[in-house]
Amino acid sequence: MNAFSESVSVALNLIAQADAALWQIVALSLRVSTTACALGAGFGLLLGAWLAVARFPGHAVVVGVLNTLLALPSVVVGLVVYLLLSRSGPLGSWGILFTPTAMVIAQSILVVPLIAALTRQLVTDALREGGDELAAMGAGRLLSALLLLAHARLAVLTVLLTAFGRAVAEVGAVMIVGGNIDGVTRVMTTAIALETSKGDLPLALALGIVLLGVVAVINLAAGLLQRRGQAALPLTAGAAA
Amino acid sequence: MSGLPPHMAPALAGSAAQPAAPLLLALQQAGVQFGAQAALRDITLQIHRGDRIALVGANGSGKTTLLRLLNGLLPPTSGQRLLPAGGRPPITAMLFQRPFLLHFSVRRNLQLALWLAGVPAAERAARVDGALQRVGLQAKAALPARSLSGGQQQRLALARAWAVQPDILFLDEPTASLDPSAKREVEQLIDDFGQAGMALVMSTHNLGQARRLANRMLYLDAGRLLADLPVDDFFHRTDLPPEAAQFLKGELPWT
Amino acid sequence: MDLTTPTRLLRRATLALLAATALAGPALAQGNFIVMASTTSTEQSGLFAHLLPAFKAATGTDVRVVALGTGQALDTGRRGDADIVFVHDQVAEEKFVADGFGLKRLPVMYNDFVLIGPTADPAKVRGKDITAALQKVGTAGAPFVSRGDKSGTHAAELRYWKAAGTDIAAAKPAGYKECGCGMGPALNIAASTGAYVLADRGTWLNFKNRADLAILVEGDTRLFNQYGVMVVNPAKHPHVKVALAQAFADWVVSPAGQASIAGYKIGGEQLFFPNAGR
């Protein structure tokens, strides 16, 4: 139990001292993962909405592939993106390997299947409820799907929080495409991996605690937003988003 | 497109609208098949301006399917849905038993409906205000649509319909889930809309309501249109098809 | 936002999204920095945190270190993803230059390896002779952790085993385990299983999870680990920042750079011994 209690005190110390290096790493983690989620949402929400309404031969196959990609290991994504962005690779001329941009790209790829799969289900359920009325009002299938996303925005927020969790917690992709360069591409998870491999386990755990703390604050904020959204309605009306 | 030859008319029909009233929409031997199940068979009917049609029949007789077919939400699997040659296709709106309102304000719901209907931006504000006034919901304009009571939500759905100025308003059991006072309010509004010149096609279980609001009755049984009569004829003729007569006898005591 | 019809909105939104992603692509790789591929053991020794600020003060250039195993670091150089490579495997480095991926190899410094093991030392290896020590480990079948990751340390370890008469590729002694991992994780495993492990002094001095491990064999000249620096060849990769990379190579073998290396100490102990131009 020593390592655990020691790491809690190390964590509290780190936060209290407002260590500049630590907060720089936290800030980078948040920047990379939120940008990746924003980018991923752009594609994922559209893809999920489209899949919920599209009808074409092979639709079931596409959905099957999408669901399989939910289990995509982050290190595999990292490897693929690395090979694409390497100077010896097809997109080498962009010169973005070992930069935060590459990390954003890798994490976006990671979260798109997650967002798309969850959105597809969300939209399918919402269409069951309101698809007829929207069609009667003149909305085409895809437009209905997108309107329902705006309508079910609290559920969409949960999807995005899930994606953010996946992104901010992963280490395989950002390690490979970012290179864990001190001061440039070191994020919380790669810092934890580094301290672990150096044998400084209490510090590694402490960093983990800080990471969870930051994410907890974000979720708290999101939860307050959701409760405000629900509070606008009386208890009896419209309980399910 | 002029009148249909006699052999294409339904089993028992009469004309409720004035002969000169413009034709809005027609079905010609239309059928809808869901897999092996025939939901509608051989439906032939015309809707004219001024029609106030009540669509009755037992549960599962195909009323909802017929409404959706008429409104163009489903294509017919046999036969045709016909629009008058020349002139524009009819503008339609539809009310469902439980209105689906988006998680936005009352006003925003109306604006969205107008946007979807392709109404130019300049006209939208005026139409929204007009519609809210028509149904008496101006005071609630800024509230979340879902915070309204059941009756108010249905009135909002009517406002949504009014705002697009439809030629035909389809209604699928619009008062079935409302309490009596809300039911009266909504019926009154539907009546007003009909008076204002909107053609109405409304399915209902409530024969009293049908008698109050309609000038023409359609009776559906197992997907077939068995009667298409002026409302008085429907309730007083003695030579109704047996299923219709049975239906009347069964429903009347309850209305 | 006045949008005329729903379908037009949809089309515009899709185009905007595609445009945004297309623009995000080609970022500029300019900037006053070079990317250096080096090894995890060097980074974990803390040398760079001491050395690189001195270089920056002298030239204003940032050095971005990507720390990998030696094999991976050289591969990064081959691919052109680094401007300069700084590793410790002379044979591999000379091949790198011979294959045309690097300009001249410059020796920079050496550190040393030490044989780490449980204080109780069941195989009785304590001393100054690495070859004898490994022979005893092999015979006793004592637990031994190898990095097994084609790193410079791993390559050195295999050489010492060969000198002790064991060809690891052919037959592993009982108790020999490969983890395919870096120096720190290997030490972690040794600490928790009471095994012997070959480590570089720098990582060991910084390692905090020692359990009951201690240095058992040190000082054998065969344990000295030579570092070399090579600028990646612009003939193979024209985008390499040759001028800046050469500036680093020249600085690190210059008296200023060499003094900085010698000045790096952990707990008063010097870790790296500059030997450029010898």
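By written order: A, B and C. Residues from 1 in each chain.
Assume a contact is a pair of C-beta atoms (placed from the backbone, for glycine too) under 8 Å apart; a residue touches a chain by one contact, two chains touch by 3 or more.
Predicted model only: the values in this text are computed from it and were never measured.
Chemist: Taking each chain's centre as the mean of its CA atoms, which one is most distant from chain B?
Modeler: Ranked by distance of C-alpha centres from chain B, the top chain is C.
Chemist: Give the identifier of the chain nearest to the protein's overall CA centre, each chain being represented by its own CA mean.
Modeler: A
Chemist: Please report how many Å separate the Cα centroid of chain A from that of chain B, as a whole number.
Modeler: 46
Chemist: Would you mind pulling out the distance in Å between where the CA atoms of chain A average out and where those of chain C do?
Modeler: One centre to the other, that is 32 Å.
Chemist: If you average the CA atoms of chain B and of chain C, how many Å lie between those two points?
Modeler: 77
Chemist: In chain C, which residues are in touch with two or more of the other chains?
Modeler: 6
Chemist: Send over the residues of chain B in touch with two or more other chains.
Modeler: 116, 118
Chemist: Which positions in chain A touch two or more other chains at once?
Modeler: 138-139, 143
Chemist: Sort out for me which residues of chain A touch chain B in the complex.
Modeler: Where chain A meets chain B, its residues are 129-130, 132-139, 143, 147, 150-153, 232-234, 237-238, 241.
Chemist: State the interface residues of chain C toward chain A in the complex, per the touch definition above.
Modeler: Residues 6-7, 10, 14, 17, 20-21, 24-29, 35, 40, 44, 48-49, 64-67, 78-81, 181-185, 187-188, 191, 203, 206-210, 237, 239 of chain C touch chain A in their complex.
Chemist: What does chain A use to touch chain C in their complex?
Modeler: Residues 39, 42-43, 46, 86-89, 91-99, 101, 138-140, 142-143, 146, 179-182, 184, 194, 196-201 of chain A touch chain C in their complex.
Chemist: Show which residues of chain B lie in contact with chain A when the two form their complex.
Modeler: 68, 71, 73, 92-94, 96, 99-100, 102-104, 112-113, 116-118, 144, 146-148, 160, 170
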